[in-house]
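Each chain gets a letter, A, B, C and D, in the order it is written, and its residues are counted from 1.
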């Protein structure tokens, strides 16, 4: 098993290395003539105002929250899915109950309007 | 694979011990795969531009070389020697790292794809989860790009892109769950081996959901609202120039092909085909042909459909795809156990039938909730028009 | 060979870095990050002992894995609700500093 | 030193360094990015322990979801002033002292245990065995069916609570 992870690790290093080297090379080859106007923030020609790091709407957070919960749910169903062929029907029912409990919450937030983009 | 055996033999002849020779082999293999993938991207960029051009009744690139085939090479050379403009006030760490992370997160997927019977990068026993996890790394890269750029449009676009990517990961993960139920394993190679009948036949609805979700995950049209020109200028990569921008560009086109590879591995039987077991090289050819078909479908969709609005995009995911995927999962779980003792033919037909029934029901629900958009005629009737016989002074209501 | 003690010491170090963060940080989101570090340190411990147990008994020890899974689920729930609380407080008081969340003080 | 030891030490150092950055940086966004790196280091340690499933889950849940949620929250609650003011309270010297004392107490206590320096050998399980065992354990009534269902209820509570608290009440 470690061998497989070793390959993954090497692949990760390579896939960081290749674009990194390419960018570095291009950086060396390319001309460098910065000036204040070229380096200003692009905002369709309008002078930029205030800081960029302003606050954003709550809706993004809500989606991320719902995603987190469903992600965790799905991830822990994966071991069950692997074992699916070797367990009897009533154990499958347990997994379905697991899903059903969360679906109750899903319906609630749907009714509440958390899934509607505003 | 014979080449790797030969290389291994060569290394052990040189007196390199076993673990080091594995290491070196892995290094060479991954370096070759990564480089080939990056270079092939040039070809994909050209092909996609050409196809989109023809779909939209244009020529597409047609100047450099026959059929403009060297257009992307020329583009690459140009982008390579372009100046790297670093806007003032960027957050240097995230800004410089983001393009590398985005490309890496795309390339990393290749590590787990089985290319043929004997040539598989890594037979990881949690490959399916790895697939999903790498997507998460890409989100981090995009957020870094948006944050580091010190630009409001970029940040807003990064927010949109990451919200879209995380949303569409849910139906994707649930469909993957159904695949794991059918194959009984999370390793990609086992999934390919389990496909005596390709899963697209057993799970047509699952394949459809997965395909839509993967288009959305890649942020391609019709889900390309992270780079909606009219609203957000150009997306999270607005402040990037030179090869750093080129990296985002490459990642975009490469991801389209790699997700086609993943789709054909999961649903079309990967490298399997007549004679692929005995001749491993044939497996790679089959895989590439299947992936090209899926990729072409994606390009076709990109060339034909208009972009969704953000609320529509979220609605499609959370109020249609996710419930449908969960329903499919539960149905497959129950049906698989209920017809467990029956023969494999009956099992297959039950699955197909249930899939089609679910598909029909969902289509019916979609039809019922369809909102007809009233076409409003632009322009009013009594507007004074600049015509010699109808000038403003003659019109009593004019002006 | 890597021995069990290495993992235990590493877990202790990360856990204590987390404790330090919880004590010292003012921003409540930073405190939450430190709590995540502590939970991860716990998970390293659990999985190290899972490996140890499995190796000792020769059968796969399920309880260790289930324990680790529950820790991850609890961490997810904690992050979701904790951050929601912080955002909610922020909208009322325009502050995320933990010491200023004292509405309940008599 | 063997290859495994080198790998372990490098990942351990990476994790500890990033963890220190998480608790000491002023810029919260940077702290969150360092947290991502620390979580990656921990994920690779899980892989080294033979717990592939948890390595993948670590990346998927912690980096793909929790870290993203943290970053979103950092951006949502951003004060214009928050980078300039100091992020730590005055007790940091005391905290360092306390933490190091606790560290030596813990290590002193457990180092006397007989299994402390037990070397961990590599697992022979290469396929789906460990995941299969976990999956069966989750649903079998003699195993951990009850904790599994309770976890679902916990997630439900977190979903409802989180959405209820975070949502806009009254659109005035």
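Everything below uses one rule, namely that a contact is a pair of C-beta atoms (placed from the backbone, for glycine too) under 8 Å apart; a residue touches a chain by one contact, two chains touch by 3 or more.
These numbers come from a predicted model, not from an experiment.
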{"item": "More contacts between chains, A-C or A-D", "value": "A-D"}
{"item": "Chain closest to the middle, measuring from C-alpha centroids that were averaged per chain", "value": "A"}
{"item": "Centre distance in Å when chain A and chain B are each reduced to the mean of their C-alpha atoms", "value": "14"}
{"item": "Whole-Å separation of chain centres (CA-atom averages), chain A against chain C", "value": "21"}
{"item": "Euclidean distance of C-alpha centroids - chain B vs chain D, Å", "value": "29"}
{"item": "Residues within chain B bordering two or more other chains", "value": "124-125, 129-130, 147, 155, 159, 166, 169, 184-186"}
{"item": "Contacts with two or more other chains, residues of chain D listed in rising order", "value": "4, 48, 50, 52-53, 55, 57, 60-61, 64-66, 68-69, 72-73, 75-77, 123, 125-126, 128, 131, 134, 136, 138, 148, 151, 155, 158-159, 162-163, 166"}
{"item": "Sequence positions of chain C contacting 2 or more other chains", "value": "69, 72-73, 76-77, 79-80, 83-84, 87"}
{"item": "Pairwise chain contacts, counting only pairs that touch as defined", "value": "A-B, A-C, A-D, B-D, C-D"}
{"item": "Complex interface listing, chain A residues touching chain D", "value": "1-2, 5, 9, 51, 53-56, 58, 60-62, 64-69, 71-73, 75-76, 78-84, 86-87, 91-92, 94-95, 97-98, 101-102, 104-106, 108-109, 112-114"}
{"item": "Touch list for chain A against partner chain B, complex", "value": "1, 3-8, 10-12, 14-16, 18-20, 22-23, 25-27, 29-34, 36, 38-44, 48, 52-54, 56, 60, 63-64, 66-67, 70-71, 74-75, 77-78, 81-82, 84-85, 88-89, 92, 95-96, 99, 103, 106, 110, 115-118"}
{"item": "Residue ranges of chain B in contact with chain D within the complex", "value": "19, 91, 93-94, 124-126, 129-130, 132-133, 135-137, 139-140, 143-144, 147, 155, 159, 162, 166, 169, 184-187, 190"}
{"item": "Contact set on chain D toward chain A in their complex", "value": "4, 44, 47-48, 50, 52-53, 55, 57, 60-61, 64-66, 68-69, 72-73, 75-78, 80, 122-123, 125-126, 128, 131-132, 134-136, 138-141, 145, 148-149, 151-153, 155-156, 158-160, 162-164, 166-168"}
{"item": "Chain C - residues contacting chain D, complex", "value": "1-10, 12-14, 16-21, 23-27, 29-30, 32-34, 36-37, 40, 43-44, 47-48, 50-52, 54-55, 60, 62-63, 65-66, 68-70, 72-81, 83-88, 90, 94-96, 99"}
